[in-house]
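Consider the two complexes below, in which chain A is the common component and chain B and chain C are the respective partners.
After this line comes the complex of A and B, so read on.
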C-alpha cells in the first residue's frame, strides 16, 4: 500500500520542527531555508500551513525534465531527483504548478521531497500530528490532485 | 497500426512512449534527422562547460530504452510527406507508409542574410555537432562574439563565460531577453553580466562579417568592428516545415493544428516546436518552442492518435526560466500585462531582485521574476488555475512575495 504525507493544517502550531528535521535529514544542517517542506504563515488568521510535494500523479516535474533526472520510486510513489543526472536547467521548477521543486544554488541542482525513501523525517518530527505518513487513500490528496488536473493543459482531465 | 513520428526531440520521444503505453501491439517508428541518440538541446550548455558528457544530454538514460519499448529509431532526414499515399520519404529515397503520422520536426536557428554569415568560424549553438565545434574553438582567453541575447543566447552565455573566453554579446533589442522580460529586468540582467566582465551591446545590429587574419571581424551598425575567433549566432529559430511543401498540410509560423493537435490532413498530427498550437493566455495559435509545451503536445497528440478525440488541448502556458551567470529569471504567461490590468512589482536593484505580477481583474495572468528561485512554479499554478484571487489580490499587490500563501489560500482553500 502506497503511503502519503497527510497534512492537517488545523493541528500545526508553526513550530517548524518539520523544516528543521527535513533540512537536517537531507542537507545535514538545521536550516529551515533548505527544507523541502515549508510552513506558510497566514498572519491575518493566525494560521500555519505546512506544504510540500504531493507526489502528484501528473508528475509535472518528471514530465518536463529534459534529461530523465526525475524518476518514480516504485516503492514509495515518490518522484525522486537523481542529482547525478540533473543538470540544473530548472525547467521542473517552473513546470510544477505547486511550487514544490526548487533550485539550490549551493548544489546547482533542484531539490524536492522524496518522502525520505519511505520514512519521512518531517512526520517523525511533528509534535502535534499535523504531518503524518498514512495510507495514500486517506489523505484527501485527491483534492490537490484535482487541482493538478485543473492546471493541466488537457492531459490529466481525460487521461 | 503503424505510427510514424518525425522528430526525435522531447515531443517526438514523449509521443512514442505514450503511443506504446496506449497501444502495446502497434508498430512505432521514430525518425530523427541527426546521427545521435535522442538528446536534449537544453542540456548543451552543461556539455559546453563539461559538467556532463554527451550521454548526459540524452533524453532517456536507460540503455536499450527504445528497443525495449519496440520503438524503431531511424536516423535520417525526412524529405517529403505525401498524405494521399500516406507515406514519408527519407533522404535516401526510401519511403515508409504510416497509418497515423506525427510531425514533431522541431525548429532550426534563423540565419539572417547578413553578408559573410557563411564564413568559417560562425556557428549556431543548436545541435551536438555545433557544441563539438564550439568546444574546439572557445578556448580560454579567445575573443568570442555572441549575437543575440534572447533566451537561447542567454542560456549559452554562461557556458561561454565559464570557458573563460573574452565575450562580447550583441543584441538588437534595447535590453537582454526582450521577448521574455520587461525593461527593468532586461537591463538589470545586462548590468549583472557587465559587472562580471561581459561586454553587452544592446540596440546593436551586425551589418557584416569579414575574415581577419585567422579569425573574423564582426562589423556593427555603429561602425565598430569586433575581432573574434568564434562567432555564435542565436538570432531566433523557425519551425522546420520546409519538407512539408506540397503536402497540403496548412502551415503559418509552424504547422497549424486544432485542439486535438491534428493538422488539416487526415491522420496527421503535429507537436512541439514545429506546431502552432493554442496558447493558454491568448487563446491564439502560437509556436512556443519550449520544453514543457513540447512534452505536453507530444503526450496529447499521442492520445488522440490512438483514441480519436480523447484529449482536448486547453492551451499551453508560455513560460521560461533562465540562469544567466547565477542570476535566475523566469517569466510566465502575459508578463507584459494587459490594457486596464493591474501590476504589482517589488524591486531591489542593489540585490538584483525583482518580482512583477500582472492581473486582469481578479486573476493573475502573467509574471516575471529575477533573483527568485523558491516556489516560482506556483506562478504557473496561480495563472493556470484561473481562480479568482479575492482578498489575495490586494495582499499580493501589497506584497508580491506571498505567492505560496495566495495559492494555498485561494486555490487550495487552505485559508
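After this line comes the complex of A and C, so read on.
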C-alpha cells in the first residue's frame, strides 16, 4: 500500500517539532533552516500550516532535471534526489509549483522530502496528529468521517 | 557540549561587539540560562548599582537544551538588576528567538553601558552589529517587528524588542519577542530601554549539532515527551484551556485575590475563565479563543491565540486589533480581571494585546491599577490626578483607559508606570500596595494557599509564582497533595520547589513541564546533551547554589530579612469567604524554619558553612 503524508493544519500548534525531526533525520542536527518540511505562521488569522512536498505523480522536478538526479522510489512513491548525481543547477526548484524543492548552498545540491524511506520523522514527532502518514488512496478518510459524524445519524450514534 | 561555547559581549557605550569563550567551569556549576547568566552578572556588576544606569548590565541567555529537540526547548531569559525590586531580576520567555540565538551560535549576549543613540542589535549567525534605531524609537514592539522584517527582507528574522512603555520609564516594562511572548516581569524591558537598545534581531542557520550523545539524548527526549502527553495537566488541561484552566479552580479554593486583594473570591471568575474563552459570544457568535499555540519545540502548546469581537467598545474603531494575537494566560487574566474587578473577557484580551504591543507586564499593570482604584475609592487619588477620569472596580472603561494612558506615558500614565509600591507611597497610603520587595503579586492568595505566602516572601525577585510554585502541591497535588491551609511542612516544600525551579530555569526547558516532570525526567535529557554527569541530585544542588547566589546578591544590594515579608493586608485581614474564611497568612510560623532549612542565620544570611557546602565564594 502506498502511503502519503497528510497534513491537517487545524491541528498544528506551530511547535516545529516536525522541522527539528526532519533536520535531525536527514542532516544529523537540530536545525529548522535545514528542514524539508516548514511550518508557516499566519499570526493574525491564528493559523499554523506545515508544508512539504506532496510527491505529485507528474513530478515536474523529476521531469525537469537535466541529469536524472531525481528518481521515483517505487516502494514509497517518493521522488528522491540522488545527491551524487545532482549538479545543483536548480532547474527543479523552478519547475516545482509549490516551492518544496530547495537549494542548499552548503552542499551545492538540492534537497526535498523523500518520506524518510517510508517512515517519515516529521509525522512521528508531531505531538498533535497534524501530520500523519496514511493510505495514499484514502487521504480524505478522516475528513469524511468527521463530516459523517455531523449527520443526524452520526451524532445519535456517538451520543 | 551542548553549550554553543560562545558569548557575545555588546558594549553599547563604545558600539562594539566582541566574542568570548564561555566559562566552561561555571557552566558545570550553574548549567546555563538563569543560573549561568546570573553568575556572570554577580561577577561583573556592583550589587548597589542603579538598575537604570549604564553601569548595570543586561544579559540575554539560553540554556544548554535551548534549540534542541527536547520538548519545550524554546526558552531564554533576560537577567539584570531590576528597577522594580532593586534585586536580581531574571525573566523567562518562550517563543522562538531563544532557539534562534542558539542556531546563530550564541549561548548568551551581555549588554553593557549605554548607547549614545537608539540602536538595535542585528545578528546573522556569527556576525553581529549595532544599527540605528532612531526611526523606530518611540514606536511599539509590533511596529518595530514589522519594520525590521521589512528592512532586512527576511521573514525568518526573530525579534525581541521594547515598546513605548519601556521608553517612557514604566518600571515593569517587558522585553517582548515574536510579537506575543515576553520576558515579562521585574522591569527587564525598562533596563533595555535605559540603554537605548530598542531591539535584538536574530537569524541563525547553523542549528545545534554538538549534543554529547544523540542516541541517549533522543531516548530521554522521547521518554519525556511521552510523560507530558500522558499527563492530565500537560496532555489535556493546558492544551485545551491554557493556564486559564486555573481560574475557576483557584476561585473555588478561595485563593483568587480580588479587588486589590481585599477579597479572595471573584463573582465574575467564570466569565473570564479558560472555559469562557471557548464559549461563543452572543454578540458575534465566535469564541474569544481562536486556537492554542506552541512555543518552539513545545509539545504542550498552552499558548492562547485570541480574537476580540470587532464590535467590542475597546476596538470597534481600531481595525488594527481585529486580527488574532496572543490571548490571556491565567496570571494576566487574573490581574486584569479579578484584581480590578472587571469581568469583561474581551476588554481583558484587548489590554493583554496592548501589553504585548507595547511591552509591559500585565500582572504588575493590573495590580498597580487595582491599587490606584482603591486609592481613588479612598479619596487619596482624585479626578484632579487622573485628568477627570473616574476609577472604579469592575469598570472595563477604567481598565482600558488605564492601559492606554500608561502606553501614552503622559499624565496619570506616568503614575501607573511607577508600579503599585511607588504609586501607593506617592499618594501616602503605602499599606495599600500589594507587593513584596516592590513587585506585585500574581494570582494566588496566600491566605488560601499558605505555602505561597512563604514562597512570595522569600522570592529573590519579589512577589512571584514562578520562583516556587507550591500551588502545584497545595492545590493540584503535584508531586503529592498537601493541605493549602496548613503551615506545617511548607518550609521544606517551598525550598524544594525553589531549588528545582532554579535548575529548570537554567536548562532551556519550560517550567510548565514540571506539572508532569520531576528533575528525574529532566536529568537524563541534560545528561544526554551536556558534558559531565548529570543526575537529579546534582540539578537540585545546582538549583540551591543558584538560589543562594541570588540571595547573596540581594543582601549585598541592601536587602535584609525585614524584606522577607508580606503586606499587612495578607497578614492581618482575614479572608472573608471560601475555604480559607477567617484565615490570614501565617508567615511567622514558616519563615524561621525556612531560614534554618536553607542554612541561613536568623537574619536570613547564608552561613559560611552553607556557602562552603555549595561552593559559593
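Here is the rule we go by: the second predicted complex is superposed on the first by the 139 of 159 C-alpha atoms of A that agree within 3 Å, B and C clash if a C-alpha of one lies under 4 Å from a C-alpha of the other, contacts with A are read in each partner's own complex, and residues count from 1 in each chain.
The definition used in the following text is that a residue touches a chain if its C-beta (ideal position, glycine included) is under 8 Å from a C-beta of that chain, and two chains touch if they have at least 3 such contacts.
As the structure is a prediction and not an experimental result, all values here were calculated from the model.
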Can A:91 be said to touch chain B (first), chain C (second), both, or neither? first
Contacts of A:24 with chain B and chain C, given as first, second, both or neither: second
Of the two partner chains, chain B (first) and chain C (second), which one does A:45 touch, if any: first, second, both, or neither? both
When both partners are placed on the shared chain, which of chain B and chain C touches more of chain A: B
Residues of chain A at both interfaces, chain B in one complex, chain C in the other: 45, 47
Under the touch definition given earlier, write down the residues of chain A that touch chain C in their complex. 13-17, 20-21, 23-24, 27-34, 43-48, 125, 127-128
Which residues of chain C touch chain A in the complex? 67-69, 71, 96, 103, 156, 179, 204-209, 211, 214, 218, 225, 229, 239, 290-299, 301, 303, 305, 307, 323-325
Show which residues of chain A lie in contact with chain B when the two form their complex. 9, 38, 40-42, 45, 47, 49, 51, 60, 63-64, 66-68, 85, 87-105, 143-144, 147, 150-155, 157-159
So, in the complex, the side of chain B touching chain A is made of residues 10, 14, 40, 42-43, 46, 51-52, 56-62, 280, 291-293, 295-296, 299-300, 303, 310-317, 319-321, 323, 326, 328, 330, 332, 373-381, 384-385, 403-405, 407-409, 411-412, 414-415
